[in-house]
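Each of the next two complexes has chain A plus one other chain: chain B in the first, chain C in the second.
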Partner chain A sequence: MYCVWCDGLCIPEMNWENLWSMGRTKTLCNQCENALKVIEGNRCKKCSCQLKEKQYICSDCMQWEQRFKQDPLKFNYSIFNYNERMQDMVTRWKYRGDYHLSCAFEQIFIETFKNTFAFLSKKVCVISIPLSSERILERGFNQAKVLADYLIPKREEFITRVYSEKQSKKTRKERLATKNPFFLTKKVNKPVILVDDIYTTGRTLRHAAELLLENGCPAVYAYTLIRS
Partner chain B sequence: MRGYWHFAAFSVVVSILTIYFKTNWFIVGFFLWLLYLYYYRKLGSIPIIMSIISFLFYWVYIPNIDVDMPRNDLISKETSHSGKITSPISLTSNKVEFLFQERQTQNKVSVIFFPDEKSSSKSFLKHTSIKHGAKCIVHGELELPEQTTNPGQFDFHTYLLKQGITHQIILQSFDDIECHGGSRLNQIFTLRDNLLNYVNDKYSKKTSSWLNALVLGDDSFISEQTVDLFQRWNLSHILAISGLHVGLVVALLYFLLIKLNILTKEKAKLIMIFFLPLYALLAGGEPSVWRASLSIMIFIILNKAKLKFNYTDVLSIVFLLFILFDKYIVYHVGFQLSFIVTFGLILSKNWIAQSNSSIFQLLQISFVSQMMILPLQLSYFSTFQPLSILLNVIVVPYFSIFVIPLMFIFLFLSPFPVSIVKFLDYFFVHIHSIFIHLVTLIDKHADYPWIIGNMPIVATVLYYVLFFMLMKYLQSANHPKAFTYGCSISLLIVCLAFRPYLSPIGTVTMLDIGQGDAFVIELPYRKGVIFVDAGANFTFNDFGSSDKVYKQIIKPYLYSRGINYIDAIFLSHEDIDHMGSVEYILRDMKVKEVIISDYYELDRQTVKLWKEYGTHIRRLNDKIDINGQVFQTIGPTKDMKSPNENSLILYTKFGGMSWLFTGDSGKDSENEIIDRYQNLAIDVLKVGHHGSRTSTSKIFVNQLDPSYALISVGKKNTYGHPSADVLEILEKEKVQLFRTDLDGAVQFRYKNTEGTFYKFLP
Partner chain C sequence: MNRNLLVQSQGNLIAELAARFSGKLLLRREIPLDEKLFQRLVNQSYFTPTLSIKRNKFHYICERCGNRKRRLFANIPCNSCKKDHLYCRKCIDMGRVMECEPLYYWTGHEPKWKKYKSPCSWTGTLTPEQKRAANRIVQAVKNDERELLVWAVTGAGKTEMLFPAISHLLALGKRICIATPRTDVVRELIPRMKQAFIHVPIQGLYSGSPDMEGTAQFIIATTHQLLRYQSAFDLIIIDEIDAFPFHSDPSLAFAVHRAKKSASTSIYLTATPRKKQRVRMYSKKLPHIFVPIRFHRTPLPVPRLKMCFQLKKNVKRSLPPPAFIHWLKTRSNPERQILLFVPTILLAQKMDQKLGELLVKEKMIRREGLLETVHAADQDREEKIQLFRSQNIQILITTTILERGVTFPSVDVAVIDAGHTVFDEAALVQIAGRAGRSPSDPTGEVIFFHDGKTEAMEHAIEAIVSMNKRGGFR
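Moving on to the complex of A and B:
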């Protein structure tokens, strides 16, 4: 097996967990795996950003609380920090269309999902944040959809999106001021887990969450790969 | 193949297990596993093909000990053998020993010389110029090493066979061997001997003994007591030079070379590659040293070649090389322990890295090491010390941080002026004796070994499965599941320990202790363990008892049966060949009572000593019920004025047969019995006085009419026991005879009212 990022040889490290089943097939070599930083220690209970000890939620999330009476998102859970290597990977994955790189995140995305959302009963649905049709044409694939498709229960489609300027090209202020780009296509009466690749300000996810809540969805959670 | 070398190593382990346990289930299991991995695309075809090739190759290559077993009648009667010395010379004050390979037959022979007053071992070395690699002519007859005759006893014969040694020659004098030449390696062995002597001269006895053990791999200077103590507490791995020591010496040397600007890093690494094998030889060349040295060498080489390998790969490659180089090594206990522990620790890397307290990490290392070897520990020593996991946490850091580095420093400092050396020596001896004292104290108050006996192979497999599951869940921090598996392992061990209590089979074992009696009775469901006599050998200087019989025969037998509590010991009379081992049994185990006749002469000192050991002394002249087993005394009825004639005579029933234990009683007592009990008839007779003609009269046998007779007698004894007359009488009465000198130990196994005799020797 060769590393999907650096093309170097991946050598499995034997331990008690993977000795019998050989564990998951390695997609990143040890070096590349270690270059990614998983969020560890204390994190914001709302948005998953790294926090100092003893803090419960971050100032960003406090602002969100003030803005809405009740934050439309119950919480967001992210796996990785957005470090330099992750930025490089996202660039190649998302913007240059290296679809195959997705498999580097597959196993950890599935495992963390199991551990984090085990408390929700099976009556929950997974929705990925959609791209506008223009953006799909540009990128070739929807990275959020790819991630959501790894998960069980199966991804469902309830919302679509109209074209707007890329979020990543806007300032924070502009981002927070954007209008809701989402439209509902079907009604939802189950709790929803929204899946996206990156949580930056939380605006996009909350747009979707607001829309869902207004239309009868009891609760909305978010599950993202990266917290930037 | 990189990252998958352990499959090749596993396949070799499977071939070893298949050969050793003579079952094909391991092959089935292993290949099913490979198939599973292949099916789920977890494993490519190259590792599988490699596994099959290495399995087949090693299956043919690894020797099968049973097949190699040489037969007595096939020994050549040649008395002159030419060949080569293939091992370093082992030299102690009472034995010179080396390996010799015959040129023609390629037989490996162990050559032994026992020095006496006229010819000490040192002068032997001087006179004969024996060296590693020397070509020699040896005069002497080939013999088979002595076979074991008792269950549980250390089997010297198999031990030699497991090293590929088929015969031995005992040299009578200097003139029996002529040698010339020697190998290059011999210079290293001589250097080692010189270093050992040099250290002995330079430092005090205590310091030098530890220095020699920990740096040069020779623990023969450490007191037997300490070695025993270390063994009891599973600390022997410290005395065997292993990764810990080699790692330290490499780090120390590398550090010195770099920090003192003697060499560049690259050159220092190169030096290490040459230094490591040299050190392995200097440190005695045990498998654990070679394992560590080779692993580090391979790592340095791989690093230089910029190749990525993981730890399991390197360990597996070293493992394969080891067996390729010496196929008999698979039977070496040190080899087995060393590789199993290292493998377990490599697998535990992630788990250990998870915790941030270094004390807890030590505990984890200690736990994994001890648990990995538990089945081996039980099969080799029958006992396990659970608290040793905790003790290791104290002892290992003390040795690795303090003693071992200090020992290397001592060796480097030894050429310096005497005063510095003396001071360091003084300093070390004081601290170290306090430490050893501490361990001894712990030993005294917390010595709770589990004496479990051997572990059946099914239980061993189950144990490892449970242990792997436990470790898996510990690593993934799934503590409820880990707890379940931890409990299952404990339950398994408890079940093993309770095995005898569930078995309806009782045994009566006549141990072969040479010229003397020792019977061990284990009642069904382990309701009781009873001795009838527990003899010993004489020591030659003061005709007291020696602990040889106890240590080599009685104790290993009891341990192998998981016994450490004895309900009663009957002593027929006060001769050493019937009661000499009692003192040692009392010292080691709890004995409820010692039962003797009214006329057994017991001095005050002995009474005091025995009572101090916590036993009760009972004089018996009628019957006694020991946990449901009734013993009836039918003699002595009056004082017969001689210890032998005053022997306690016991009548009891096992497996529907009636037994008579007679001690050393002679014809007078026998007449007494047939007078008194005219209707007495028995099935099994323990023949009196080892078959001497002074016992076992014709009328006695005639009236009792036994079907079986047991004679406990030494091979080639000087008394001429058993006498031809007695044998004739027994033969005429058509009594089936069992003799320890011919049959080894004899065991009667019974269930309800059925029982059969089994001889240990075929």
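Moving on to the complex of A and C:
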């Protein structure tokens, strides 16, 4: 097998501990796998950002609490830190449109999902944050949708996006002030897990969460690949 | 508007478009024209589409980068054609090539490039050795020879040897490209060429360059950028032909081949030809000229080898061997700056802090800021190189990224763990060639710290000694 990032040979390391995983196909070589950093140690219980020991939630999340009487998002769980290598990968995956690179995240995205959201019963909806149609035409695919499609239960579609906005080009303040770009096409009465690629300020996810809660959804969680 | 004016303005438009798109092979989205105009140009055959990804019985071929590796193609659900089809992963950093989107080539007239009477503003004089090589290059260009390799030792002054041939072609209104695999080399060449050809518009292309258009008569580019050209150049000069990744990435050779016109000359420049090129030279399949002497006529510095038994241990603790510190203190000219080569990025990063502290403690440098580190993934590389050149940094730790193309006036050169596989013969010869570059300080020390002599080290030293002999030194 060849590494989907560097095209180097993937040689699976064999030892007794990982014998059980030998049947799986490796998508990244060891070096590239190690270049990515999984969030470890203490993290914000709300947004998954790295925190010092003993702290419970971060100052950003404190502000969200103040802003809404109750934060529309129960919590966000992210897998990776946004280090330099991850930024390079996101650039090629999302902005250059290298669809195939998605497979590098498939396994860990599925496994972490099982561990994190096992406490929710089967009666839960998975939906992905939609892109505007222009963005879709430009990139050819929605990376959030690709990620959500790896999961069980099957992804459902009931929010759409009206405005197209380049979030990445905005300052933090501008992002926080944006109008809700989503609208709902169907009512939901089950808890929802929102899937996206990156949690940055949490503004986009909370727009979607607010909308869902206003329309009868009992609880909204977020699951993202990266905490930037 | 009367008919004549209309015809004339149409003519002007076409001439302007020809200047922008001639010699280019582009995706639709790389052609910033509105759809109506673009369609008209396609209908009138000013632009001709070609398939971007061809399928034949056994494999796929990306027509932009020449990729044929099955694993570097993947399927993508396409939103415009509502089905899955191929795209090329190999050249994705230049924008995605989709199977359903053709590449367009300008098939209108070629623009009339300017003829420059005496384009060269360089006022220096060539040494007899440079002159001999320069004349040979001019001859190759005049006779439309297909290729010529210029084998010139490090510091021979090969850039100046190109001036007469470039001047000759600019006088005839021809289009020229200097390409090289390394971004740093492109950055170093641009100001030198602009100075030497002050009235000629020159554009430099590399990933992230301020010029992106690539429409000038004289282009200096990374070989990668040539993937957007087809039959464009009358002369292509490939600097550092043996450099990684050129000699290992087939798509770059493919790009160069396609970017030149069918009747054109390719000049290859190298100080360390690879075996492939040497075999072709010695079997007379590749014409070449050898320049065995530096322009300031001082022999190449010959590396010294220093055996360090504890090297692996030292390196593990991210420190250079004690022999390095000893050498540092006993150098013949302590005024010289130091280029310190290490095999890996990781070691470079780790050694940065440790060595900085140590040298301050040993009073070898005043403060830690006088020691810096550069490597391929370093975003501040350009600035640090500049700081080193302006002598605001005393010691620069580097990976092989600085082995070639960059010139500093007065440095001593050390290699830590010279036995590492990244230091092949060519790399070591190039590294040694960083020393003694300026006429005001034409010597310099080169020392390899190792824990076991390798063939690469021996061959590198043999090669340097034999070049000095051919240069008339004993």
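Operating definition for what follows: the second predicted complex is superposed on the first by the 221 of 228 C-alpha atoms of A that agree within 3 Å, B and C clash if a C-alpha of one lies under 4 Å from a C-alpha of the other, contacts with A are read in each partner's own complex, and residues count from 1 in each chain.
One rule holds for everything that comes next: a residue touches a chain if its C-beta (ideal position, glycine included) is under 8 Å from a C-beta of that chain, and two chains touch if they have at least 3 such contacts.
It should be emphasised that the depicted structure is a prediction, and the values quoted were computed from it without experimental measurement.
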{"item": "First (chain B), second (chain C), both or neither touched by A:Gly97", "value": "second"}
{"item": "Contacts of A:Glu84 with chain B and chain C, given as first, second, both or neither", "value": "second"}
{"item": "Touched partner set for A:Gly140, first chain B, second chain C, both or neither", "value": "second"}
{"item": "First, second, both or neither for A:Thr25, with chain B first and chain C second", "value": "first"}
{"item": "Which of chain B and chain C A:Leu9 touches, first, second, both or neither", "value": "first"}
{"item": "Of chain B, residues touching chain A in the complex", "value": "2-4, 6, 33, 37, 41-43, 308-313, 346-351, 468, 471-472, 474-476"}
{"item": "Interface residues, chain A side, partner chain B - complex", "value": "8-17, 19-22, 25"}
{"item": "Interfacial residue positions of chain C with respect to chain A in the complex", "value": "71-72, 74-80, 87, 89, 92-93, 95-96, 98, 377"}
{"item": "Contacting residues of chain A [partner chain C, same complex]", "value": "2, 7, 84, 92, 96-100, 136-137, 140-141"}
